[in-house]
Each structure stands twice: as C-alpha cells, then as structure tokens.
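One structure coming up, written as structure tokens, with questions to follow.
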Amino acid sequence: MSILVGEDTRLAVAGLTGREGSYHAMNNRRYGTNVVAGITPGKGGQDVEGVPVFNTFRQAVAATDANTAMIFVPPRFAADSILEAEDAGVATIVAITEGIPAHDELIVFNVLKRNPGVRLVGPNCPGVLSPGKANVGIIPAAFFKPGNVGVVSRSGTLTYQIGNELAQSGFGNSTIVGIGGDPVPGSSFVDIIALFQADPETELIVMSGEIGGSAEEEAAQYIAEQVSKPVVAYIAGLTAPPGKTMGHAGAIVSGSSGGGQAKIDALEAVGVRVGRTPTQVAQIAVEILRG
Amino acid sequence: MDLLEYKGKQVLARYDVAQLPGREATTVDAAVAAAEDIGFPLVIKAQVKIGGRGKAGGIKIANTLDEVREHATNILGMDIRGHIVHELWLQLASEIVSEYYAAVVFDRSAKAPLVMLSTQGGMEIEQVAAEHPEALAMLHVDPLVGFHPFHARRLAYEAGVDADVVVPVGDMLATLYEVFVGEDATLVEINPLVITPEREVAALDAKVTLDDNAMFRHPDNATLDDSSAADPQEAMAKKRGLTYVKLDGDIGIFGNGAGLVMSTLDVVAHAGGAPANFLDAGGGAKAEAIAASVEVILGNPNVKAVLFNVFGGITRCDEVARGIIEAYEILKPTVPFVVRLDGTNDVEARKLLADADLPHVYPEATMDGAAARVVALAREGVVAA
Amino acid sequence: MDLLEYKGKQVLARYDVAQLPGREATTVDAAVAAAEDIGFPLVIKAQVKIGGRGKAGGIKIANTLDEVREHATNILGMDIRGHIVHELWLQLASEIVSEYYAAVVFDRSAKAPLVMLSTQGGMEIEQVAAEHPEALAMLHVDPLVGFHPFHARRLAYEAGVDADVVVPVGDMLATLYEVFVGEDATLVEINPLVITPEREVAALDAKVTLDDNAMFRHPDNATLDDSSAADPQEAMAKKRGLTYVKLDGDIGIFGNGAGLVMSTLDVVAHAGGAPANFLDAGGGAKAEAIAASVEVILGNPNVKAVLFNVFGGITRCDEVARGIIEAYEILKPTVPFVVRLDGTNDVEARKLLADADLPHVYPEATMDGAAARVVALAREGVVAA
Amino acid sequence: MSILVGEDTRLAVAGLTGREGSYHAMNNRRYGTNVVAGITPGKGGQDVEGVPVFNTFRQAVAATDANTAMIFVPPRFAADSILEAEDAGVATIVAITEGIPAHDELIVFNVLKRNPGVRLVGPNCPGVLSPGKANVGIIPAAFFKPGNVGVVSRSGTLTYQIGNELAQSGFGNSTIVGIGGDPVPGSSFVDIIALFQADPETELIVMSGEIGGSAEEEAAQYIAEQVSKPVVAYIAGLTAPPGKTMGHAGAIVSGSSGGGQAKIDALEAVGVRVGRTPTQVAQIAVEILRG
C-alpha cells in the first residue's frame, strides 16, 4: 500500500496542454502513472500524446473516471481549477502551481473542508510520489525506491536530499508527500501523518518542516496523541532572521510565532527525534529502522 | 509587500477610513511646505517598515516651522535598525482621548482572517496580549460567511470600548475587513485607532501588507511599492526574478529550493559561519540564470566566500556547473567558491568543474562538509582573482 | 417589484452588460425623435409586465420614420392581456446569428440561486425545458461560495454554446449573478441573449424583478418603480400600507392575515362567487386603518358586496367593528356588507354592530355561511345607501 | 411532551426594548414562558419589567443560559440578529420579523444549515405555542388548549381559525408551529412534521399550506416515506391568479409552479386527507381523532 496515489490513480491534468504541464504529465506517465485526461477550456477534443483533452473537469470525469487531479495552470486560474476539480467529484487534488493569492487559498480551503470526500495536496508543492506505483507532480523519481519510510515535507529539494540519503543507506519510501510552502496548504502535516499512521506499509515517518506558521507544533501534539509509529523530524530555517520571507510564502518568522527552535522543542517534547542537518535526519531514521 | 505607513493610509483612504490630515515629504523643504498646509501642532514621522520608530527618535512633535525644519533634517537619512529614512509623514497632532488597537490579520493556523480589537492601543499587540489579555478581543471570520455587524458588536463589547463609540468602532472594523479582502491584504493594522475629544474615531497609524501573489488583481497597487528604496542587491535580484534576501554575514549562499537553501543557511551557521544572503535559484534554472544569481551574490561587498549547494531534481547539475563556470569567467571573483552538487546529472557536472579546473573553486561531496569548508575559507580571507 | 424591460436594461447597463442602442418613449413624437437618434431598422416594443407582447401586436419592426409613427400610434394605449401600454422601447434591430437564454432565478425549493443557460433562446423557458431539456443547462449556486468562472464554463459547455463565445457568454452569466446579488433581485432573465454576426454577445430583452423588502439597501432603485401606471386602487392601497391585489370579480374581500384572506377568496369561489380583491389588513389594525381599507375596496366600481372575514388574534374584533361602522357612516356604501368576526373581543364586536344597526350589514357566524350569504347578496345587486 | 418550546425554554428576546417586542414578550411571560433576557445593543444593563437586557446574545447566553431566541427587530437588522443568536449557541430561534430581504434569508439559511445544533422557525411567522407550557411569539394562546394535535402552518390567522374549530370540538394541541409565509423559511413543513412524528404526545398532524413554492409537495413525499401518524391538510389560495403575490412574499403562483391544486393532488396521492375549507379540515381531524 501507499497513500494518496498508487496503482488505482486515474490522473486528470489541468493545464496538460501547457509546456510545463505536458512535460511533467508525460514524465509521470512514463513512470507508470495512469494519466487519463487533460483539461484545458477551449481545447476539448484535442489530445496530448494520446491523452484526451476536455473543456471541463466534469466532462473529463464523465469520460474517464478520473479520481485524481493535478493542477498545473497559472496562479490566477489555479484556485478556480481546484474548485472545479472538487465540483466534478475528484477525490484527490494535487496542486503544483506556485504563486496563488493567499485569499484564493483561503477560499479554496474553506470550500473544500465542507466536503469530507476530497483531499487537496499543495498548492506550491512538488506533488506526491509512491515509488514503483505512481508519481503525480514534479518529484524526480529516480532518487527514490519502494520502501517503508513515509516522507512529508514543506520543501521539495530538501525532501530529495533526505530521500537520497535514505536511499544510499538502503531504505526506500512508501510515499513522499510535498505539502508545499504556502501559508494555507490544503493538507497539513497532521493530515498526512494520519494517513501514514494508517498505512500498513509505512514503518517510519519523516517530516521535514520549516519556519513559519504552527503546523509543526500541531503535528507534535497530534503525534503525541495519535501516532504509534516512530517519527523523525527536520526543521529548516533555524537561523533565519524574523520578518524575512525565506523563499516560501509561508516561511517567515513573524513576531513571536513561527520560530524554528520552538518547533524543535515542541517535537522533542513529545519524543520525536529531530535531526540538526538533513544528513542527521537520515542517520537517525536508519538507526531506528535497523532497530 | 509591506507598505509604508503613508501608503497604507492611501489605501485606507480609498475606503473612506477616517484619518487626520497629513502629507508625505521626501525633503526638508517639502516637509516645511507640508507643515504650512497642515497647521500646528503636528507630528513628523519617519517612514520605515520597522517598529520602534519613536524610541529611535523617528517621531517628533513640531509647533513651529523652525521645529519642522529641525526635525525633518534630523530624521531624513536616519538609520532606524538598519532602515534608512527616505520619506516623512507629517500629520496634524490632534488631541486624543483614547488609543485603541484594531487589526485584521491572516491567521494561518486557523486558516481564517482574525479580527482583533483592544482598548489598549499604542503599544505592541504582543505586549497587550501578554499584559492585558482581557482587553484584547479576537474573532476568526469564516471567509465564506464574511464579517457581519454582530461580529463587530461582539468585538466592541468584549474589548470594552466606550459605549458611545461602539457603532463607529464597529463600522471601522467592518471597513478594515473590507480592505483586507478587497485589496488581498494579509495584514491591516491600525495602532493606535484614536478617539478624539469630539468622540470621532480615526486611524492614527496604519500597517498594511499586501499579497504580492495577488497584485494581478490590483494593478493600481503597483505604485505603492517602494522597492527603489530597497537594498541594491535585492532590487537587482527582484529584476531578475530571483528569490534573494540579504543577510548580515559574509558567506554567499546559492541553492535551489527554499527548504534546501534555508537548510544550507542553518548548516553554515552550525559550522560557525554567517550567511550573507538567502538565494533560491528555483527549479530548472539554466546556466545564464545561474550566472545572474552569482552576480547578485557577489554584488554584496561583504561576501568573502560562496557556497553552492544544489540537489538536482528538475534542476540539472550540469547546467549549474556550466553557470558557475560562465559566471567565474565573466566576473573573475576574488572570493573562493565551494561547490556541492548532487542529483540529476551530478556526475557530468563534477566532470565539467574538474575539467574547467578553476582556481579557488572547491568541490565537496556532502552538505555538511561543504559548509565546514566554506566557513574555513571565509576566515582565510580574500583571494586573488 | 417587476421592472419594465427598459428599466431592467437600465439596471443591467450599470453593470456594463452589452446591449443594443435604444431609447424609451411615452408619446408618438418622442418615439419618432428616438428613432432619428437610433437609426434603422429598429424594433418598437410595448413596455408591459406580461409575456406574449409579440403575438398581441406589441412588437413591430420599423424601417422609416413613417412606420415608427404608425406603429407607435397603434401600440401606445394598446391593451395587452389587461395591461395598458403607456411606454415604448425603441431599439436598433441588429442582425442576429443565435438566440440564447440566460437567467438567474431565486429557487425557493433549493434555497439557492439557480443559473440557467440555453442555446434555445427566444421562447418561454418552460417550453425549452419541456422540448429541449438537453439544451438547458442549470446550476444551483451556494450563496456563500458564489458563482465562479468554472461554473460559467460548466454551464456554457453543458448548454453547448458556440466554442468561440464560451468566454463572453460565461462572463455574461457572471455579470447577471452579480446583478442578482448586488441589486437584491429575485429574477434576472435575458431572453434572448443574442450573438451578432460580429460574434458579440448582447442582451436583447431583460426581465428583472427586485425584492421590495430590500429596497432600503438600494434607494436609487426607487425610481425604477412605475406604480403610477398601476391600477388606482392598488396605488391607493400601497400609499396606505395595505396589502391589496385587484382581482376580476365583484365581491370585495376584507380579512386579516394572508392565509385567511386567501382562504376567504377560495371559500367565496367555492360558494359560486368571484372575489374583486385580496386585502389583508394585517395584524393589530386599528379602526381608522380599517376604514381606509374599506375605502380602497369600495373604490373598485365592480364591487357589488363586501365580505369581512376576521379572526382576531392580535387584531381585536371590536376595533374591526368600530372601523366598519366608521367607514359605513363616512362612505355611505351602496353595497351590502357581510361580517363574520371571531376571536379576540368577538362578543363585544358583535354587540357593537348590533347596536349600530346599520342597514345592509349582515352578521354571520361562520366563514362558510358568510361566503354563501355574500355571494347571494352580490347576485341581488346594488342597494340604496 | 411538545416540540420546539416547552417547560425547558429559556427565552432571550432580540428587540425586547421595542414596543412590539416588549408587548409580546410580556404576553409570553404571562403565559408562563421563562423569559430570561433581552438583547438590544447599547441598552445592556437596563431591564424590561425585571428582564435583564444585554448588548449581545453572547452576553445574554453567558449570563442566563438562554436556549431559545425570539427575533423582534426591524427587518434590516433581523438577519444579523438571527446569525448572532446562532453564533452565541442558541439552539432554537423563532423569528417573528416580517419583511426581511430574500437574499438575507438565503444567507441565513445557508449559514445555519452548517450547524446541525440550531433550528430556525420563521421569519415572518407568528411563532410557536405549546399550550399550557410555553408561548414564543404572537400566537393568541387563548384559543388553544393542551392536546394531541400538532399544527404546522404557513399562515397565522388561518392557524387560529383551524385551532379554534378544533378546540370547539374539544380537541387541543401539542404544539402549534407557524413556519411563516416567506420564500425561504428556516424550517419547512418536512422539518416540523418530522418533529411531530417523533413526539409521543402528538397523535395527529394538521398542516396548513398555501400556494407558492413546493414545500407542500416535499412534505407529501416525506409523509409517504416517513410518517405513520395521520395528517390532515389544507391549502389556501386555490383560486388565486398566477403572477400575483397573495400577501405573503412566498404565496405566488409563478408559471407552472406553486399552484394549489397540484399541492392538493400531491398530498391526496400519498393518502393525506385535504379539507376544502378550514372548517372541513377541523371536521376531518375530529373524525379521525374520534376514530
């Protein structure tokens, strides 16, 4: 098993006819992901390397039974595309688009939360990879192999870094989930950790957080109450000065909130081991996995 | 985008938020001219995007044109915690009966706007929250439902505002919420919100942050940007579409992916060094973009060594190596480079660098090792080009 | 408040809904002047709040000023299914490639706005729904979420609109929704929405209904009301704050509470009579208000008898009795009254009426009995005052 | 037992300091209703014949544990007052106010439906009376006595008419519910009939509908599927011409929908007996009750 994406994934790609959208969708397909449809208003009836394109998500779902959406449209249209996917009954929505207005994300979050049957990952995230099964997004799959470590991260490259170090020690992954670096991610650490906790294949969970917000603190509390599997954590941005946005819109220490040390303290207080560098994280994980 | 006080007030004025008469000025003469218009007594306020202006001497009362001239001369050019004062705001100094605090902030944890109101205005809200929690009323707004009159009443009565201004203060909150949504703001803060002896409610200060990602919806707000006043490297980076943040140290940092770059800063600090910048070259950067990044990094005269830490996913390491070589040849840097490349096409990249055989470019195999090396090199000092 | 076509178009124009050039006119000369401005060919349309204008001869094409004069003369003053034409709308007759239908309606069952779009415009939407259901796309909007661009696309593609106008038609739907919410409308209907040979999308007709209860939010919309053109009794009743609807029969009806009055109409019809009006005096009506109601009822010259059917809750029956007596003495009616009073203070009320001993005022104990009596009296005809 | 209001009712009245509000609230109190609070912004601290007035519903609920609200404020403020009562945790809200904008009612309905713990009756309704227990609203209680007939109606006076005829035949009521004549009532026939069906004290249900909308047809379907108790119905406005609003904003036959005969047909088709006049309704009910 894996979480979110796998052999049952039937992927519809919003923005399939765009340069980036087609490039990554075809990459995903080559990896084995079942890419069933594209959505581009006005281009219904065309195809991209054999994948049929539809004008709307409703038409795509009706024709192909797509159950997963990947959003690759420009930021000003992305929130609308996510809402459209939800309206069409798509259960899993992975939004890669970076730069969506924060208020749009707020509306999307609050509309989607009324529908318990839908899950959004992202936006501004690298996607979800279940090694050997399906890749939805832009995660370079070559560095990862199937295994029993679940990874959830606010950062893409940092995930690759950690995943690569684990792979070099011989460990693979159940699923890698990039939840994205935006202020209002559709899925939080808690949401994904809950899925890993329930996934029989996942034996250890790595969470890679960063400064800004309180998602890591919330994860710590959830881990204390609900998670029996070992969790290893990393927090990036420990030395970042307050008031500066560190690349991710969400990575900012504002006033007394969002600081890295407080996140580490919160995690360590509930027994989560926190590595000080990505390398340390991999070492701790390996140590635990080797028992 | 954080707005200077007076630009925030321009935004509020569009929504008819009551304010005291005022004008901005960028020179001493303009300040004097503004003062003649406004009348006395007036307040001269340094326009910088940082708190603590008053303590730093950036806010002064003037009762005469001579005093205006004197204070304007002193304040313009002042360095307030690293922010140079280029602009002033002059405003009629009204008598004030009460100072309240009102704000709408984007609360990430709750995924909802948070409206706050306190009768303890004029100080930092963190301090109010700590010292007078009973005087701070807070309410999360469901963005689909919006902010309704009863929300305003609830906040006003909970905060304990004077009975006779419950309605105008509530109306002010409703307007601030309107600004928050209408302008795609992530912060709209009035501190203090004042009550005059005539029992009028007015915004004495304004702190407004707009969402850069939503600027396409507000083309007019582009004029509110004052990045011209920003650091030259940050301005250059912005022009080139790079995510660059200037820091206080001497080790230049180049990386791809916000998380990895943040992590690189941490690892360098952990090794005893001080980063000079945050720079995320993003995914899929090409050689010329990489060369441009290097130019931005080296534009900071404090930089004594540069660390390249790249994990190639979409970004191809060979492109990065080519960019480094290109930049090196054009810029002829006088500081050493430490390069750690892993991921897509890393083998080819390492070969490119080895073949180029540039002086003072040191490959490293691991992130931690690269950090230790660059810290050591920065300590050794500048090298010959 | 139902708006005449041209007033609905005035509302749409505020939202920049594309329309063909046109002008209103209330006289033949004004129509000719308007035609000179607009140019030919043009369409002259009777402005009445009822469908079927075309079949009734209320819509004509004119190619010359003489034709304008001729048609305007014929149409002004025309009686279209009981509606007298007081105003005309003259509009450039553009070439039309397609006729669509677009509307936002207040769907009570779903408790949500319903947006509808069809490529089969120009006919009644009920007919489209029956004959071409596949060409009618419908979508309920969650009023908290609003109408989003994807909703517009969904409707446009489902209705099968031409590919090249999906975007402008979708934008039109978004604007109609904006009008619906922004003006507190309960209906915004464009039929037909036309596509011109230049592939432009325009509203050729407009049916807009505004919520009277929300007029306090839209003081400007008061000018859209044309109750001056309404029935004189309805106008008088409106001025007095009464709920009055004129009907075709000859039995005047007075009652309290909408449900009871409706029921009274039914019972009268059941007894073989035809009510002349609906009149709800409301709860707690006082004697003078009741007298005013009686005046409105008697103002209709068709009325041959009046039925008072009151169940006193908040309304006190003795007040009603006093009002009837007062009205009787002032108005000296030439038609008989049947009075059935039950509920609060009914005993006192019956005594008041008995003591007054007015000629041609007949008390009845039950609603059904009162209905039978009033129907019989109306058949007998007018009585002396 | 009774439904909606009874011995446990703790009533807070929005608009208690107004002329109408105080008149009816005091009437309700004299009937035995436990009137615990009034709400009028700016008049907190005052009292109306001993009933304390608060500035907000939150303050009123905190101080008095009010569980029921009666809304008596002018139409332009009424929707806000209903939302305030809900926000303050009041479970039962009875809105008497007539003339609330339809769009306001739409917003209120859609906000409240997300909270399963709250029920709105009205607006534009005479209120709810559980004879001998509590009266919340403007129903003249004198005509009703305790008994086992549940009445639900879109019209006030028509309810009194029917209730009075029943009383003259010796039958009383469990609860009388006026759901109001507006286009978007907070509670529908279905909602109230469901409560009567579950109420052990109610043996027979009288529903008094009218032209406009489709609430009666929906009730017919619900009755067929879910209701075992006998239902007797009345529909007012059978002879009303289309396109004319018959006093109630909701009472209008528009196009092919909302006609009275269709409602009668729908009800009779599922075995509901429909009286042609209010008197007939009472006769049928009496006939059934006497078995």
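A few comments on the model shown:
Note that the chains take the letters A, B, C and D in the order they are written out, and that residue 1 is the start of every chain.
Here, a residue touches a chain if its C-beta (ideal position, glycine included) is under 8 Å from a C-beta of that chain, and two chains touch if they have at least 3 such contacts.
Nothing here was measured: the structure is a model prediction, and the numbers come from that model.
The set of chains in contact with chain C as well as chain D comprises B. Two chain pairs, B-D and A-B, are compared here, and A-B has more C-beta pairs in contact (counted per touch definition above).
Note: centroid distance chain B to chain D, computed from Cα atoms, is 56 Å. Centroids of chain A and chain B (each the mean of its C-alpha atoms) stand 28 Å apart. Remark: chain A and chain D have CA centroids separated by 50 Å (rounded to whole angstrom). Multi-chain contact residues of chain C (touching two or more other chains) are listed as 144-145. Multi-chain contact residues of chain A (touching two or more other chains) are listed as 111. In terms of inter-chain touching, the protein chains here follow a pattern that is not a line, ring, star or complete graph.
Under the contact rule defined at the top, the touching pairs of chains are A-B, A-C, B-C, B-D, C-D. Remark: chain A residues 75-76, 99-104, 106-107, 109-111, 126, 138-140, 142-143, 153-161, 164, 181, 183-184, 208, 210-215, 218, 234, 236-241, 244-251, 255-256, 260, 276-279 touch chain B in the complex.
Residues of chain B touching chain C in their complex: 144-145.
Across the interface of their complex, chain C is touched by residues 41-42, 44, 55-59, 77, 80-81, 83-84, 87, 111 of chain A. Every residue of chain B that touches chain D in the complex is listed here, in rising order: 145, 148-151, 153-154, 157-158, 163, 166.
The residues of chain B lying in touch with chain A in their complex are 106, 108-109, 111-113, 126, 142-144, 181, 184, 186, 211, 213-214, 216-217, 243, 245, 247-248, 255-263, 265-267, 269-270, 275, 278, 280, 283, 311-314, 342-344, 366-368.
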